[in-house]
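Just so it is clear, A, B, C and D label the chains in written order, and each chain counts residues from 1 on its own.
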Amino acid sequence: MPANTFGELFRVSTFGESHGDAVGAVIDGIPAGIELDFGAIQNQMDRRKPGQSALSTSRNESDIPTFLSGLFEGKTTGAPLAFIIPNKDSRSNDYDALKEVYRPGHADYTFEQKFGIRDHRGGGRSSARTMAPWVCAGAIAQQILSAKGIQINAYVSAVGEIESSVPENLDTNFIDANAVRCPDTVAAEKMEKAILQAKEAGDSLGGVISCFLKGVPAGWGEPQFKKLPAELAHAMFSINAVKGFEIGEGFALSRMKGSEANDAFESADGKIQTRTNRTGGVLGGISSGMPIHFKVGFKPVSTIRINQDSVNREGEAIGFSAEGRHDPCVVPRAVPIVEAMAALVLVDLMMMHQARL
Amino acid sequence: MPANTFGELFRVSTFGESHGDAVGAVIDGIPAGIELDFGAIQNQMDRRKPGQSALSTSRNESDIPTFLSGLFEGKTTGAPLAFIIPNKDSRSNDYDALKEVYRPGHADYTFEQKFGIRDHRGGGRSSARTMAPWVCAGAIAQQILSAKGIQINAYVSAVGEIESSVPENLDTNFIDANAVRCPDTVAAEKMEKAILQAKEAGDSLGGVISCFLKGVPAGWGEPQFKKLPAELAHAMFSINAVKGFEIGEGFALSRMKGSEANDAFESADGKIQTRTNRTGGVLGGISSGMPIHFKVGFKPVSTIRINQDSVNREGEAIGFSAEGRHDPCVVPRAVPIVEAMAALVLVDLMMMHQARL
Amino acid sequence: MPANTFGELFRVSTFGESHGDAVGAVIDGIPAGIELDFGAIQNQMDRRKPGQSALSTSRNESDIPTFLSGLFEGKTTGAPLAFIIPNKDSRSNDYDALKEVYRPGHADYTFEQKFGIRDHRGGGRSSARTMAPWVCAGAIAQQILSAKGIQINAYVSAVGEIESSVPENLDTNFIDANAVRCPDTVAAEKMEKAILQAKEAGDSLGGVISCFLKGVPAGWGEPQFKKLPAELAHAMFSINAVKGFEIGEGFALSRMKGSEANDAFESADGKIQTRTNRTGGVLGGISSGMPIHFKVGFKPVSTIRINQDSVNREGEAIGFSAEGRHDPCVVPRAVPIVEAMAALVLVDLMMMHQARL
Amino acid sequence: MPANTFGELFRVSTFGESHGDAVGAVIDGIPAGIELDFGAIQNQMDRRKPGQSALSTSRNESDIPTFLSGLFEGKTTGAPLAFIIPNKDSRSNDYDALKEVYRPGHADYTFEQKFGIRDHRGGGRSSARTMAPWVCAGAIAQQILSAKGIQINAYVSAVGEIESSVPENLDTNFIDANAVRCPDTVAAEKMEKAILQAKEAGDSLGGVISCFLKGVPAGWGEPQFKKLPAELAHAMFSINAVKGFEIGEGFALSRMKGSEANDAFESADGKIQTRTNRTGGVLGGISSGMPIHFKVGFKPVSTIRINQDSVNREGEAIGFSAEGRHDPCVVPRAVPIVEAMAALVLVDLMMMHQARL
């Protein structure tokens, strides 16, 4: 199956390139009778959009989705919901120089190898801009989940070598209190400084996003090949620049003994739960009712001003230095993308679970 | 879609429980005219099967698949290839005590929450034994890939806190030279000792498996939602006990600067390649022609003899100490499973790529 | 996607050839906690099996499915349900003569063109025997539907040029009262005679099967591409020898005027229904709550004793006369197959409908 | 899976309602490097669009698709191809009267039963207008097939009780020579007269469309559940108002003997073919290399001016007489839809076949 559709029962089919007319998506499978909260959708769009702070690219897009179908008198009808997000501030000329060069760390070379052709303007289909529709679709999914008491919150837990220390009971109100989206204000300040330094130096930084899913009932996720962590990992590795994923304590668990790693069961208020939650809210790939938590590692932005070695299409060595607008660190803007993809995973597994009832 | 099928064009539909009559699978989509190498299949089965060394459970299974269909005069016909692997040495009585208890770290509680019913004998459908058919299907996929010059090799790179140091040009012949399947013989010895100590103590250990895919041509993997690393991550998180996945340098990349992380392009012998390979053989989710490498982190085996706190179905606190046969460390036997799942990912993406040509 | 799986949420993956060890299937997606009625399953198997009357082939198979997985203490667990049906009375020698010839009306030539290889023994994968697992899976689906008050009944409404006249309120008890499975006993007698005459003459006959689905609630079927009639048509054309399908009055509707064809709505006992039901229980591809009825046209069995012109693999003209055991008319044994496929369609659409609730 | 996507490898995901802003689709899986022939696409759009002759509705739409993505310098890039077709001449006021009534023969009642909500303007998602994007996608598929020597031609072979007699070697140039799209000019004249009479009388007519697929190589179609006739039947029953489908001689075959029905094989010019083609170009669900031909039966248009009995939402009996613009007979405009759906089936099976090579 072609690969521009995410989900099986709540299906999001995306389209669009960085410098085409628009990006967008069609959502099929959305239940009927839902009154969309357009303000909440726009809020997530705004958290992702370029130009929102000094830490991000200066490309200026309002990123307001236009809905073309699937709504009647403000409610979903059960028909596909299509929306487009116009590309307004695309300067294709900036990219003419890229026609012949393979930018290190980018998908230029591999797209050309795969398709024999490449829309080089702004990265074309491989541009981070193509994830804007994910955020819109994810915000709709979040609304459905929220009605069931499920909360999804991601935040920046590391930028480069700076790690945040986040208290166990994260106050999500602190996440957007700074431009980095790190609720540890001390770390956030250092991160911000590091990002601006990298920008100054024409370099870039990577980072880590942590995400919590609260209120997910026990029983979601399907063995063997739609396990909740597998679906989340797949969703997160769909995001540009992601290179690592951990559920619960992740790789740290591989260094523990079983007697240290296992979460003991206990009863509390007539409810069965685990005393600790090292496994991250899943057992055997199925949600346990405990909070689900995971981490996503991003490599630094590939586009840097510093000169790099590369080759052109003829394989001739050339030096390459990026001139266009770009982010020095992608993680602050990726927070709503992580949330969106987590929401799309959950709503699909929820519907899968319901289908059997 | 239900979740016991892996792949879209090379589809493996699995079935079976630990203590039922058999586990098995149906492979649909296999090209016609392939002469199966049953010796190679059995070799991978043997690497996974229980009872192969002092490091593994003493359950004794020959794990010889019986093929029921899809073959004619030794060749595949294009019809589905079904095979079963009988369960011979299953002692269900060992598990009667488990009927009422939720074992910490296991899927007992979540399966019961999901399905309202649970086959408690040996973990039922959540047992590691249900992965035996994956190895058989993967071995067939490996054969198809091998004919295209693709090699898949996994090995144990960490057990608990002991990490191997592996030379860049791994000699795959060393992998099976010891029971741990770690080609660094010095580390392997320490690992073996650690596993036996854990066994002695009634405890268990986790570990890390590294995997290399060599000879994959540039252009495999499909943006946006069938990216090669996303498919690999999904496949690896389908394996029991997996809690972390990294492609290339993984989380280490999130701590680098762009100028450090990017792999410069260069020409060598008229071929475009990258000078380094921190990204792990993929760019934009598509193979670059460089070796693909990734790491998979496993939590320690949940079944331990040491007494643990748990609850029974009524939520009453009970102490629980496992008596049955089990592995003190799962990673040596998981090596062929990692290889199998990688092969299933690659063969599916290969066919997807071909479909468009 | 490969094509040996039927359904999306209640998925049946089939395997097996006429003269291999067994045919069978894996059912994935079956809800947990269902107590299977094995007697009802066997009853449908027996209605399809060969050798049941003078009208059918003398191949002798007991066709008793063996369940390998997915059951625990007699109930489904939510895990895949695998079953095999052994091939006992297969005489491959009968078919050695077929190795080099393309039998008219059969799939010999096209399978060889498609796959480059062909299991010629008894038609291999294209044999009618490969539909036995459909009947088993369908009987399980019927059980789920029956618990919701849905009844599925098919019967033979034509054999060759003999058409039955069936009263509107069909008494389903009459269907199995004769070997033809036609509840119009006068017609049934003529049909039986015609079939025996064809057998005598070394020739074969086609026929038509009519099917009624009662108790299906309004609202099943999904626009645009999972409409109920489209799914039924797809299911019926999967059956060997099917060449025509009509829902409701079918082609007769194309000769009516709108004022004649439309079914007027009316209220009866506080329930909205249609006065007539020419459309066959669907409007816009969605069930209306009225009985669904459709017809399936079968061509005559391709295997006949009468000599026919054909060619061998080298394209040389040869005369060909079938010697093996075969049915002179397939429709009596196809009745349970039509019911099975209708049941698989309905259970899948039921689950799809539930997923959105 | 939701149902607004057609195809598995060449996937068309549709959206839009009769009176929304636009209808459209996203095509995913289209091979890269194809230069689209926009003239040929528009030609098919024009053959379907309303207002093209006295036989069709007077709604006036230019039906020019706008492509939003997937093209670069006039060629496909392998990225999804999204297009929208604006709705210009929609007069929603015409439909206010329909809010409370269930129109006989329409999907009003069943959509409301399914979704609990209904966009009543012009039939909303169930409108024939929602098939416009199918024609655009199909025209693109036709272009891909045409490059492989495959021709797809449909024509009207019956209107009401008037049947055309069409010579075996149909000259496709005659199809569009009249407004009915029947190449038998004598019959066409009668059909046209009958349609205009029905229009005058406020009534409507049904009809039959025949379709030929020439140049399809032997070997396309996948047993067991993607057989070519099954896929075609599914595609055709997706079209509004379709009630019957026959491949080859269809139901007439059910009245023949095997010795009459079987197509004898012969060699001609070193090529194996069948002497006759009653089976319609398929054997065992796989193309034989002979022309594929099938028939599609349409019920008469449900919207008529003649007064009909119905009920409103409260179940109260009301008389209903349609006032809006509508076609008295849908088959002339359905010709390009049948061709489009046939093309989508073929291109998908072609890619499926290629995937295994």
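Keep in mind that, in the parts below, a residue touches a chain if its C-beta (ideal position, glycine included) is under 8 Å from a C-beta of that chain, and two chains touch if they have at least 3 such contacts.
As the structure is a computational prediction, the values presented were derived from the model and not from experiment.
**Student:** If I rank B-C and A-C by number of C-beta contact pairs, which comes first?
**Tutor:** Higher contact count goes to B-C.
**Student:** What is the chain whose Cα centre is as far as it gets from that of subunit D?
**Tutor:** B
**Student:** Which of these, C-D, B-D or A-D, gives back the A-B interface, meaning over half of its contact pairs coincide by residue number?
**Tutor:** Checked against A-B: the matching pair is C-D.
**Student:** Report, in whole Å, the distance between the mean C-alpha point of subunit B and the mean C-alpha point of subunit C.
**Tutor:** Whole-Å distance between the two chain centres: 40.
**Student:** I'd like the Å distance between the centres of subunit C and subunit D, where a centre is the mean of that chain's Cα atoms.
**Tutor:** Centre separation, subunit C to subunit D: 26 Å.
**Student:** Could you work out how far the Cα centre of subunit A sits from that of subunit C, in whole Å?
**Tutor:** Measuring from centre to centre gives 47 Å for this pair.
**Student:** Can you list the residues of subunit A that touch 2 or more other chains?
**Tutor:** In subunit A, residues 1-5, 8-9, 14, 29, 32, 78-79, 114, 125, 223, 352 touch at least two other chains, as defined above.
**Student:** Under the definition above, what is the set of subunit B residues touching subunit C in their complex?
**Tutor:** Residues 1-5, 8-9, 11, 13-17, 20-24, 26, 28-29, 32-33, 68-70, 72, 75, 77-82, 84, 114-119, 124-125.
**Student:** Which positions of subunit D touch subunit B when the two form their complex?
**Tutor:** 1, 9, 29, 31-32, 78-79, 223, 351-352, 354-357
**Student:** What residues on subunit C touch subunit D, complex-wise?
**Tutor:** My answer: residues 1-6, 8, 14, 102, 104-111, 113-114, 125-126, 130, 158, 160-161, 198, 203-208, 218-227, 229-238, 240, 242-251, 253-267, 270-272, 274-275, 279-280, 282-289, 297-304, 306, 308-311, 315-317, 352-353.
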